[in-house]
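Just below sit the structures, each encoded as structure tokens.
Shared chain: chain A. Partners: chain B in the first complex, chain C in the second.
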Partner chain A sequence: MTSQTNAPASIPNRAPLSQRLAALVHSIIGSRYFLYTLSIAIFLSIWDLAAVNKVLGNFLPRPVEVLIQLWSLNAEPLASKTLFEHLWASIYRVLIGWAIGVIVAVPLGVFMGLNPYVKAVVKPVFDLLKPMPPISWISLSILWFGLGEESKVFIIAIGSFVPCILNSYNGIRLIDPALYDAARMLGASRRQEILEVGFFASAPAIFAGLQISLSIAWSCVLAAELVGSRSGMGFIIILGMNQSAPALIIAGMVVIAVTACLISVLMERLENIICPWKRELPQ
Partner chain B sequence: MEEGTAAMKNGQAKIEFQNVSKTFIQKQTQRVHVLDDISLTVAENEFLVIVGPGQSGKSTLLRIAGGLERPSSGRVTLDGQEITKPGPDRSMVFQTYSLFPWRTVAGNVEAGLRFRGVEKRKRRETAHRCIELVGLKGFEKAFPHQLSGGMKQRVGIARAYANNPEVLLLDEPFGQLDAQTRILMEMEVQRIWQQEKRTVLFVTNNIDEAIYLGDRIITLDGKLPGRLSGEYKVDLPRPREHTEVEFLSLRRKITDSTQLIL
Partner chain C sequence: MGGSGRPPTSLASCGRPDILKDTAMTANSTAEGRLLKFIPYMSVAAFFIGWQLIVSLGMVPKMLLAAPLDVLWLFIDKLTQAHPDGALLYVHVLVSLQEAVLGYLLALAIGIPLGLLMGWFHTVEGFARPIFEMIRPIPAVAWIPLTIFWFGIGLSGKVFIIWLSGIVPCVINSFVGVTLTNPTSIQMARTYGASKWRIFRTICIPSALPMVFGALQMALAACWTTLVAAELIAANTGLGFLITMGRRLTMPDMVVLGMILVGLTGFIIGVIIDAVEKKLLAGIRR
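== the complex of A and B ==
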């Protein structure tokens, strides 16, 4: 009897119907996917209830309205651009700004980790700039580069720069010295040591830096587009605010979240392909 | 190697430590005296075990022989040539394995040959032979994180052999293994060494391991700076039994005359 209650899945077919039914219910309720669905359903219900009862005044749309808004965004252009054109405008800025930040930061961080003189020159300035939130550069950036693309790319580059340089520097600095010893004992020259051990051992940390900076780049592009832009997801959101259209705002937020999520999944895949060994390295 | 030449060379000095002392300077002012006036000769193809408790400088002694550290005074020679840096004539096996996690088993084993610019086909051939020697056939494409501790150290040993060194330096190679695996690996090392004789310097804190493996055992004092405190010849036929009377009496002799209790 006790063994049956402990293992409902293994109840033989001959068991009474009520017991088999109980086992079925138990296995459904215990299922992960059921719980996931339940969790999201509860969230949407509470949201819908709050919207219908106007808990947040007139400015909380129902989930259905957001869906409809998404659909119509796709159909009718906004400021003469479709949803995908706005999305692409944001992605394009993110990619350019992020790439610039990465191309400058990774080599700089690596050299800081390898060479104490480079570190002594770069690190004090970097430490000074590090705690400044990238978004605080927006005003200066607009004064310097105007309201065009350059100012947005600048913000994104600055935002990407910080985690990239930090992770590259630490990635190199925290390499287990025993790995260098092993390479030296095996006959590696100084150059081979850096290429073999330095490059590979720091790769997971550098990759983590790329991922962190990409998510920061997303917040930066939104902030930059909120301040002054005629395109991009930030523009859609600010338009929603100006037009008192909360469904438009939330639709924009959803698109951003889904895109950022897809990109980070893509990055993770890429990392697994490029660094298949990374599980062993402490992060 | 043919038995004749091996026997002929046997007894010749391969490595000589001449009055080696080592002092580390920490934080620019603190001086740590690790080794004091060590003089020691290792014969060709001898299996010499250095036993000492933790913090007795035994690893430093090995690192000096490897060329990873320079002695503060005195010198170490290999075939009469002073050792100043790592070289292809010496290979090291590390306590923490120090495998390259980004390389497969085969990639790790042929790493030394790659550094030396040996062509790919030859590398593959040597790696294959060494992997077979340590009993890891079939695991060539595995990554280190997929292997158990014992298997990792087999890779470490194969990697050391792949360079075809004259001297093997093993730094507490089984320190991280459980007791069962440790004994198994000791048997394996003995088999491999008998199959491919090399001059071996083996560092351990385990007296059983020392008696099981060594031709000769050198003990280090328990306190820094490390000093040689004893020398024991192990004249037992291989493979040895941990429970043989001679084994046990030698063990008692070593524990009685040193501060080692294991």
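== the complex of A and C ==
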């Protein structure tokens, strides 16, 4: 705790000991990290108390039971797969579906931004399909592709499609016209304008679209797995539901949350590497 | 960071409200301008005609995809017939709307004050933030099994899930809105001796309003998506249930009808919120 060491320095040395102690205590209590720790401790103890007193019937496990469940998931396979194999099954689906969505949507969005004819053809149809939540496609995709991998990949691709296309389109469309003017004044051709100005100026917005679509893809895969599958994190929590094992459900949710966190941290790191010139779009 | 309907990814990198509205296609009187005005209608028409032809020419089996006309007939039928899913169409819509609106309003009522207070008072932030950060990364969909245990498959369970998904953008946007308050205004108020609470009430809240209103649309999108997910898994009425029943009965026209109604209803609520927002915020933004 940095505040613990820093705070007394700001107090004159001549102050009486009791006053200095009071200031020290005050600085610890006022410190953000102390509050964070306290808050988590209170949260966990309320959870534990609620579980012990069976506030929610038998359906709230104690935090300790969740930890034990997590450990045993790791040790003994569930439906012939260990925890990491289930996690990998979900991530694998996300990666394939997301890649398909991105490969189709980003060029389409970019062309919509560059060419008014492409925009006139694609945008009205896209606007018709956009308001339907990706999850509402689940039934149709099960009718089309069955309960196998294809239907899940399809849902994820649909889910990642919308933010990708929107962000690529807006990213290209909202480039500061002054940048184009400057390039044109220096004698750039249309091709150079697109490749050397448009590409770099829109990269941050496009990358933001990739980030959003990846987090949407992660919740789509869970929904698809909840509806029907034999592996994956969604399968683990629905199994917990069918076996009336709330500890299994919460253990699955913990793994899901940690994965989502890791994904977003990873994407932020990647963003700093790939487009370090990122700036906020003009508001 | 642009893009409309962008779900915020973190407290730090949260998008401003969607003010990147599409400018109307400039209608100049040149041939090119006329063509560009005309193409969108053709494109939509081609989409529907192509869809109809694919099905009626038998290129896609009727078991897999319903033609737009079939969907239209089913829509007219369902207005007066409860068969085969057990409820009239307007009942499904009303049930879904009721769940979504309840969850949405609760999310606003709790999320916005919480976010505003978190942005200004360090103690509130210190207590609420760790818990919020623990819950935020869990997709609302993953709460469904636990919620069924806790609340059953009735109204309260769905409202809980929708509330969970709607509260996240509310808290984040109100929080960021307060932290983005111009520090000069705060310092000036302090110089004139305003109390902490008064600065919060008269400076921070008004300056956070545009961000808060941005959250209204984001929360709506999140709530509406989650509603469908909740109804897909556990329900006996509602639009999501209509979609699921369509699949169970292998009636693709019912699935498509449900999807269209979900899209349409969400779109209409979005337009209403947009209009309210414009009216309330006239003059504040830009």
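Quick note on the criterion: the second predicted complex is superposed on the first by the 265 of 283 C-alpha atoms of A that agree within 3 Å, B and C clash if a C-alpha of one lies under 4 Å from a C-alpha of the other, contacts with A are read in each partner's own complex, and residues count from 1 in each chain.
Going forward, contacts are C-beta pairs under 8 Å (C-beta built on N, C-alpha and C of every residue); 3 or more make two chains touch, one makes a residue touch a chain.
These numbers were taken from a predicted model, which means no experiment stands behind them.
S.K.: Kindly classify A:Ala182 by the partners it touches after superposition: chain B alone (first), chain C alone (second), both, or neither?
M.R.: first
S.K.: Could you look at A:Gly209 and tell me whether it touches chain B, chain C, both or neither (first, second, both, neither)?
M.R.: In the superposition, A:Gly209 contacts chain C only.
S.K.: Would you check which partner chain A:Ala223 touches, where first means chain B only, second means chain C only, and both and neither mean what they say?
M.R.: Only chain C is touched by A:Ala223; chain B is not.
S.K.: After superposition on the shared chain, which partner residues are touched by A:Trp277: those of chain B (first), chain C (second), both, or neither?
M.R.: Touch status of A:Trp277: first partner only.
S.K.: Pick one for A:Leu83: touches chain B only (first), chain C only (second), both, or neither.
M.R.: Neither: A:Leu83 stays clear of chain B and chain C.
S.K.: Per the contact definition in the header, classify A:Met112: touching chain B only (first), chain C only (second), both, or neither.
M.R.: neither
S.K.: I'd like to know which partner A:Val102 touches here: chain B for first, chain C for second, both or neither.
M.R.: The answer is neither, since A:Val102 touches no partner chain.
S.K.: Between chain C and chain B, which one touches more residues of chain A when both complexes sit on the common chain A?
M.R.: Partner touching more chain A residues in the overlay: C.
S.K.: If you stack the two complexes on chain A, which partner ends up touching A:Leu140: first (chain B), second (chain C), both, or neither?
M.R.: Second partner only.
S.K.: Counting contacts the way the document defines them, which residues of chain A are shared by the two interfaces, the one with chain B and the one with chain C?
M.R.: Comparing the two interfaces on chain A, one with chain B and one with chain C, the shared residues are 280-281.
S.K.: Chain B touches which residues of chain A in the complex?
M.R.: 176, 178-179, 181-189, 192, 196-197, 200-201, 203, 275-277, 279-281
S.K.: Residue numbers of chain B touching chain A in their complex, please.
M.R.: Those residues of chain B that touch chain A are 66, 68, 86-88, 90-92, 94, 96, 98-103, 111-112, 115-116, 143-145, 159, 163.
S.K.: Which stretch or stretches of chain C touch chain A in the complex?
M.R.: Those residues of chain C that touch chain A are 1-7, 9-10, 13, 15-16, 19-20, 25, 36, 39-41, 43-44, 47, 63-65, 122-123, 125-131, 134, 137-146, 148-150, 224-225, 228-229, 232-233, 240, 243-244, 246-247, 250, 252, 255-256, 258-260, 262-264, 266-267, 270.
S.K.: How about chain A: which of its residues touch chain C in the complex?
M.R.: For chain A paired with chain C, touching residues are 30, 32, 34-36, 38-40, 42-43, 56-57, 59-60, 116-117, 120-125, 128-140, 142-144, 162-163, 166-167, 170-171, 174, 204-205, 208-209, 211-212, 215-216, 218-219, 222-223, 226-227, 233-234, 237-238, 240-241, 244, 246, 249-250, 252-253, 256-258, 260-261, 264, 268, 280-281, 283.
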